[in-house]
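Each chain carries a letter (A, B, C and D) given by its place in the written order, and its residues are counted from 1.
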């Protein structure tokens, strides 16, 4: 005999763009603000009937979830992604009795104003901002924010040696290598801060991104793991409302090309950027007094 | 103050192709067999020093992990991916004292022999076979196998109605719709079967895939959730060694095109295949006597 | 002073799926047929006003082009992609006086019936079928059909040596290597065959694909170029209505892994499948009596 | 009988990263410069033997081409991509007697210095810079430079109406729409400028990109075609050495969401960003005195 285990369903990748029009831009200028998002929602609760017999009585349609994303984008206007995700999640749980948990995640794409034009923008492209809110009827609300696809590179100040050598080890030790990675970072907010709900999401994002860049650049690194821990630490130390940071950092290997056969020296000048395979470092940094993670990462 | 939380590191996407040469193909023919894989390994254990101070003494290099994948591919020869993953994971934990847990995942791509040629193949492309083995010094070994990117479509025998209607619901009910999805399925093996280690991995894969296709085709569906549960159920019921199935099934919406403006009827003939957004149904089916999942899905 | 040069505009990637319902499948069975396409159209002609002053009087909207694709998919029903492309192109040029040239290209994705089910399919995935029709008011109609993403591999019967060695050459000669490529092939039909318009498109496609596979498998190859020419030649020789074949064949390098450091021999067993860089061979094979290409490849 | 038609072969996507070390950065600071490129070369000439009989005597190996890219990256150091492409193309034709034509194309990815750090960078991501040089023994050298993936958006100042209405037209006219596109632009240099070879490639790129952004932002648009022509015109008018611009501009449709069912007005605030299908506008702008294009775009 079989039974239904954990499940959720929803609408993924609702690509909604909001324009706030006629906003004061400073210096007397008036113009538009653009918010470009990819919103995904998923719901859980008393929906077993749907799986077992095809009874949809408790299943708020994914099409309705999509519509709700659009409607809330209108109602809330130009707000931070965490606000949108939070209001949506609360709405689904609050208005659909069978739904006891909602997960709303948002990816946000950056746009940069073209010169001083009020209505014109180009896509920024340096990273994607993310947030995931989980609203559970019993366990409350969690918020995890972050970014992905932030590609960084140090041309020096990275070593790698002292690792164990077994029968399959051929890697030479190095005291000067290039270090590059595409950072995916997620930071969990403290439950009490989420409950108080007066977090400055935009400022936190800017601070965390700045801390990440500064730490990557400023860490003399003996391993990518060390850099990872330093980044997570500074984010937590800089932003009191954050109690945990998870980082996934693929090591984008840059190998020195052997130019000897051509009678040329390669004094750390010419590298080959490899695609696959790649090292992949995944780690968590926690404040000593971090509360339990609960559902935050589910 | 901060501390290091859960972490792992490894080499991702080692693209290794193995050729078994001169194999009896039946009917007196002799030829080659090709195994095309993407192998990723990651290790955990007593490696905090690396994160905290850059001490790599306990860190088996990811380059070494890559070499080990190649060497084991040679040593083991033409085996099922579960075998390769299992041997690799056991090797890392067994030979590196500080390493207490290894995770090895394999994607395997299908090749079809060109006619009766001994040495020639074309890529199959209908799905990717997967497996993930976790070997933990304390908690033992888990195996989760599966597939992804298996795209299926029913042209009829799917309805969707009876769902709740709130202020944001506009979707019409339907008693005849196209149903399409790209299936990602993972099945967990029972701990005792993993321990006994006499599973016929290839046969199980073939059976599970066949059950998946037959169930998708044979289920008159009132919701994609219902189809998901039926698929998971039949896999568990067909293969006694499997105790849990997790499925992720994006609803690849096909919308009827409105041809009325052109004076044409659309009697379920012409559809628009949408990209985004899409419904996403994720669910678990468990045998009633399934043991605890432990680390299997981490 | 500047002027407008060659230009075209249209609607790209109309994802239209057609279901032919209740078709006799043989053996007394009745079921559905699925045609899954991605259609792109573009138009040229007397549309300079649009570029120069924003005058859209002659610009059939791309939205209308999309609608036309849907309507013709309904009207034509279950036909070959060349037929759809041809009728669409003729329609645009024939009904819009300012439009003197139309280009319609179709990608078609394969579906395989699940067992003997009348309504159920899984995506085939071994290649994409393509066609491009250009209908020019003055120069007539051209048809180029083909396929892409057909990945093939020979485990042996490939050598590469005798190439020149300059100061930058380090590659060793080899008398036994793996040869793999992802084939993109396009074949141009003779103008007179296109005009006569009684080509069996489906049969030609099947023949060309079979010739491609058989030639790849059957050619003992001293270079990928040689294989390319053999493939093009056989397609032309097999199908009299085809006068030209263009092939683009990236060399998907499989490098032998050096297992010596591990005390293991690698007798052409374990390979590393590289991503980038890759060799890229592009060539044309022509029937001796091929007519001028005209606009076919534009 | 069949014959070999036009052909070329080469090495695609050599991912080479160059670091210029210890460069004066201004203000007394010293640091590194990073150049991140993807280089593809292809050669043509007296290589028919390779296709017809597998005779590689005239075929400079693609592996050698790759090595040459690395070696020239070292020799030339921190130069503009046009310089690298040009020197490589000249080298292949100049040193390999059977090779009569070389095509070298470069994609260059932007990196931004992290604050004032001498050795640290993050990937810019707003567009990719491109160049293609063709060096033909008989016809000389051509240079086409450009960019791709520059995504731009105007929140207003775009109308679309006055287009013809046939039986398949349903699109409503609009006097205020969002206009977004991902620009791919290529500009051809005048033959005499290429020959004189004192072009300031970096400055031209900066100017062309600035002209593109300013024109997109500053054009009140009645069609994307009009915007395209305005962009091409300003680039030509701004940079005397450029005689032709080709632009490919997919219309990234943003559709107003209908919020009426929810009792909400949508006063150009909430949009749905569609993926497919999309309008695609491709056009050429030429200086009145542009010379013949020759091989530049092949």
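In this section, contacts are C-beta pairs under 8 Å (C-beta built on N, C-alpha and C of every residue); 3 or more make two chains touch, one makes a residue touch a chain.
All values derive from a computational prediction rather than experimental measurement.
Contact with chain C and chain D alike is made by A, B.
Interface comparison, A-D versus B-D: the higher count of C-beta contacts falls to A-D. Work out the mean CA point of chain B and of chain D, and you get 39 Å between them.
Averaging C-alpha coordinates per chain places the centre of chain A 24 Å away from that of chain B.
Note: centroid distance chain A to chain D, computed from Cα atoms, is 31 Å. Multi-chain contact residues of chain A (touching two or more other chains): 15, 67, 71, 168, 170, 261-262, 275-276. Because contacts link each chain to all the remaining chains, their graph is best described as complete. Taken together, the chain C residues at the contact with chain D in this complex read 1-15, 40, 42, 47, 50-64, 66-68, 71, 95-96, 160-166, 168-171, 221-223, 225-226, 228-229, 232-233, 236-237, 244, 246, 250-251, 276-288. In the complex of the two chains, the chain B residues touching chain C come out as 15-21, 32, 34, 36, 67, 70-71, 73-75, 77, 111-112, 114-115, 117, 119-127, 150-157, 178, 213-214, 216-218, 254, 257, 259, 261-262, 264, 266-275. Across the complex, chain B meets chain D through its residues 167-168, 170, 261-263, 275-276.
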